[in-house]
Amino acid sequence: MDDHVYKIVELVGSSTTSIEDAIQTAIKRADQTLRNLRWFEVLQTRGHIESGAVHHYQVVLKAGFTLEDAGG
Amino acid sequence: MDDHVYKIVELVGSSTTSIEDAIQTAIKRADQTLRNLRWFEVLQTRGHIESGAVHHYQVVLKAGFTLEDAGG
Amino acid sequence: MDDHVYKIVELVGSSTTSIEDAIQTAIKRADQTLRNLRWFEVLQTRGHIESGAVHHYQVVLKAGFTLEDAGG
Amino acid sequence: MDDHVYKIVELVGSSTTSIEDAIQTAIKRADQTLRNLRWFEVLQTRGHIESGAVHHYQVVLKAGFTLEDAGG
Amino acid sequence: MDDHVYKIVELVGSSTTSIEDAIQTAIKRADQTLRNLRWFEVLQTRGHIESGAVHHYQVVLKAGFTLEDAGG
Amino acid sequence: MDDHVYKIVELVGSSTTSIEDAIQTAIKRADQTLRNLRWFEVLQTRGHIESGAVHHYQVVLKAGFTLEDAGG
Amino acid sequence: MDDHVYKIVELVGSSTTSIEDAIQTAIKRADQTLRNLRWFEVLQTRGHIESGAVHHYQVVLKAGFTLEDAGG
Amino acid sequence: MDDHVYKIVELVGSSTTSIEDAIQTAIKRADQTLRNLRWFEVLQTRGHIESGAVHHYQVVLKAGFTLEDAGG
Amino acid sequence: MDDHVYKIVELVGSSTTSIEDAIQTAIKRADQTLRNLRWFEVLQTRGHIESGAVHHYQVVLKAGFTLEDAGG
Amino acid sequence: MDDHVYKIVELVGSSTTSIEDAIQTAIKRADQTLRNLRWFEVLQTRGHIESGAVHHYQVVLKAGFTLEDAGG
Amino acid sequence: MDDHVYKIVELVGSSTTSIEDAIQTAIKRADQTLRNLRWFEVLQTRGHIESGAVHHYQVVLKAGFTLEDAGG
Amino acid sequence: MDDHVYKIVELVGSSTTSIEDAIQTAIKRADQTLRNLRWFEVLQTRGHIESGAVHHYQVVLKAGFTLEDAGG
């Protein structure tokens, strides 16, 4: 694992349900184009309010993926 | 939306159930006096421990609301 | 000046023109209800993009005002 | 204590004597209008200098108070 | 409560289920050796990804406990 | 807006004229390849000095854009 | 001094009198079990409020001590 | 450029007009005594308010200059 | 140099030898796909431990490259 | 006051007595060579421990002074 | 790996030779009492100067180790 | 040591060889004019890239020196 180079991208996912679901939404979408996603880290948790209640959560996260030999 | 001025307040909500519920608790209470709440951002997640288990979560958050023309 | 107590509020102003104008917009609006505003400090400068150009700037700032003797 | 919602305000107190006195000054003044103050946290300690000596200390602090049921 | 001295330790808990469960896992394990745990604070939320989905959450947290008179 | 996933990129724009112009320069250039740019946030403002005057401003910013369904 | 390895612990001390006394309280207590304490650094100064006055100060600090050869 | 050693100083400039002008004011003044200023970085943007409007901007910045061989 | 727009990417390189080698490893790999890399900045230095010794260093860094006119 | 340019220096003062005295010590010494000191801001409070008690406090602070017209 | 709980300790190592050697020194010493060290993260790099040259480097780091079932 | 007042300066050193050498370069140069340098602390490690390799490292550091009785 230790001779890999990783690239880190920053994503925002959202969900009307939970913080965990917002994270999953971002990762599932990023996985369509960035194979080899390996870890994530939450940078910020926020959301929108409507009628005095949370309408949806937004989670800003960093995700790292392995750079294969001629990818990028 | 872009010609509004917002005011941001800092709140702490708590819940014995989940982080999301602590956020909702703070927003529901603030909504009694601050109409027009529009977004929130989590600043800190913490909590109290009793008998080796989480007794309740406390979430510190900022929430922004629209300042109407002679409000404050 | 040194025996005063100040209260600090957090505001967001916006402008389609400039960062300075977004600051002025927030302060002018806050001044309708918070007399005695004395200083400000920019916390964050951001904005919205439309059609590949800045549509408006948003400046998050703190502003301090003197608490007079029975105000709040 | 755990089902309360707290609101946090930011204050600046000053004193020619000590850092502790500047904190007390801010809290005593805020207590005139914000009942139920419960805790504080120092954000910044600074001051003014005259003739090569500290003229007064200024302490920026956050203070939290319980939101009672229809307060704000 | 105010004449106690507390010690703070840093822990990492993990869970395949939720952020709250990762917090509980860390606290339950620490409680085996550190009696008198009183509060926690989340420092970082991260996790591992497998096959384009969150495999498990990892929460880094600080937890404080009361130092009894000759403990440590 | 809330079911989108956003990707965030970091850019540096420059201008001999103003901070606002440096922001516009970065966004206009990024818009050639990243459609759907939606917001930005300034991370750092700096610049180069020649002959005792600002020669040009450099603004480091984050910009977010909507990930469409099979983009990346 | 330079060939030592130090370990750093995090402590919270409190005092109804002053910030300095809260620091001393934490260090005196830690010294019962951690010999060789060498330096400290204040991380946070906070406190509890009762009846509109500071009831006690709490200081969070790091303290470093020399690891002797088979200690820990 | 890469074998130089730079020294960094911290300055505060002000202007009633704009943030850019406050930066220029600080750099022009520092250039009277510190030759070889090469770059700057904004640390903080703040200002004073009078009668509900910005009276002047204050910009705190770091500026770096080349240390020539026996300068300082 | 001042009319360029730069894009910044975040990378993680590793090495069993040194921090410098971990930086070089990340840059060499990124250079396969991102031409025009111009500068880097270290965000974090960490590593893995095996049998009581550093097994490899991991350096998280940002690297900036010039955006040519229709690149991205 | 607003057309001045200030320079900021960083100092460390110490005292066996109190945090306030450590601040005063640094300012009094700096005043021997830097006339026109106007304000200070505490960056860090730390100290040395001997025999399980604070031996002396060290306060790191920034202090700003007015640059007169051909000073530096 | 994901069902473990880790504890994190903070250490300072030093070396007259290099930053890497200071890291190794801290880890080797900590390994005498904390088995199962798994990773480290550098928090701060500093050092002492004598006669205008680095006398030794000091590296402050966090190191994480697996808590086995009844350890602590 | 504890009754001294220190002044802290910020420097940038560079080296084509290593991070340690960049630190040494800055300290050796500063020592020509600032006698009594006592410690340093690394603030940032960065560098320039040419042809896909590190061309030189740049280290930003703070260095503290003793203020003798009429120095500055």
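Here the chain labels run A, B, C, D, E, F, G, H, I, J, K and L in written order, and each chain numbers its own residues starting at 1.
By definition in this document, a residue touches a chain if its C-beta (ideal position, glycine included) is under 8 Å from a C-beta of that chain, and two chains touch if they have at least 3 such contacts.
As the structure is a prediction and not an experimental result, all values here were calculated from the model.
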| item | value |
| --- | --- |
| Path length in steps (a step moves to a chain that is touched) from subunit C to subunit I | 2 |
| If a chain touches subunit D and subunit I alike, it appears here | none |
| Matching chain pair for D-J (criterion: over half of the contact pairs shared, by residue number), options G-J, F-I or H-L | G-J |
| Size of the rotation, in steps of 5 degrees, that lays the CA trace of subunit E over subunit L | 120 |
| Whole-Å separation of chain centres (CA-atom averages), subunit G against subunit K | 21 |
| Distance from the mean Cα position of subunit J to that of subunit I, given in whole angstrom | 38 |
| Overlap residues in subunit G, where contacts from two or more other chains coincide | 9-10, 18-19, 48 |
| Pairwise chain contacts under the document criterion | A-B, A-E, A-F, A-I, B-C, B-D, B-E, C-D, C-F, C-H, D-G, D-J, E-G, E-K, F-H, F-I, G-J, G-K, H-J, H-L, I-K, I-L, J-L, K-L |
| In the complex with subunit J, residue positions of subunit L that touch it | 2-10, 62, 64, 67, 69-72 |
| Touching residues (chain side subunit G, partner subunit J) in the complex | 18-20, 23-24, 27-28, 31, 37-42, 63 |
| Subunit D - residues contacting subunit C, complex | 9-14, 16, 25-26, 29-30, 32-34, 48, 55-56, 58, 60 |
| List of subunit C residues in touch with subunit F within their complex | 18-19, 44-49, 52-54, 57 |
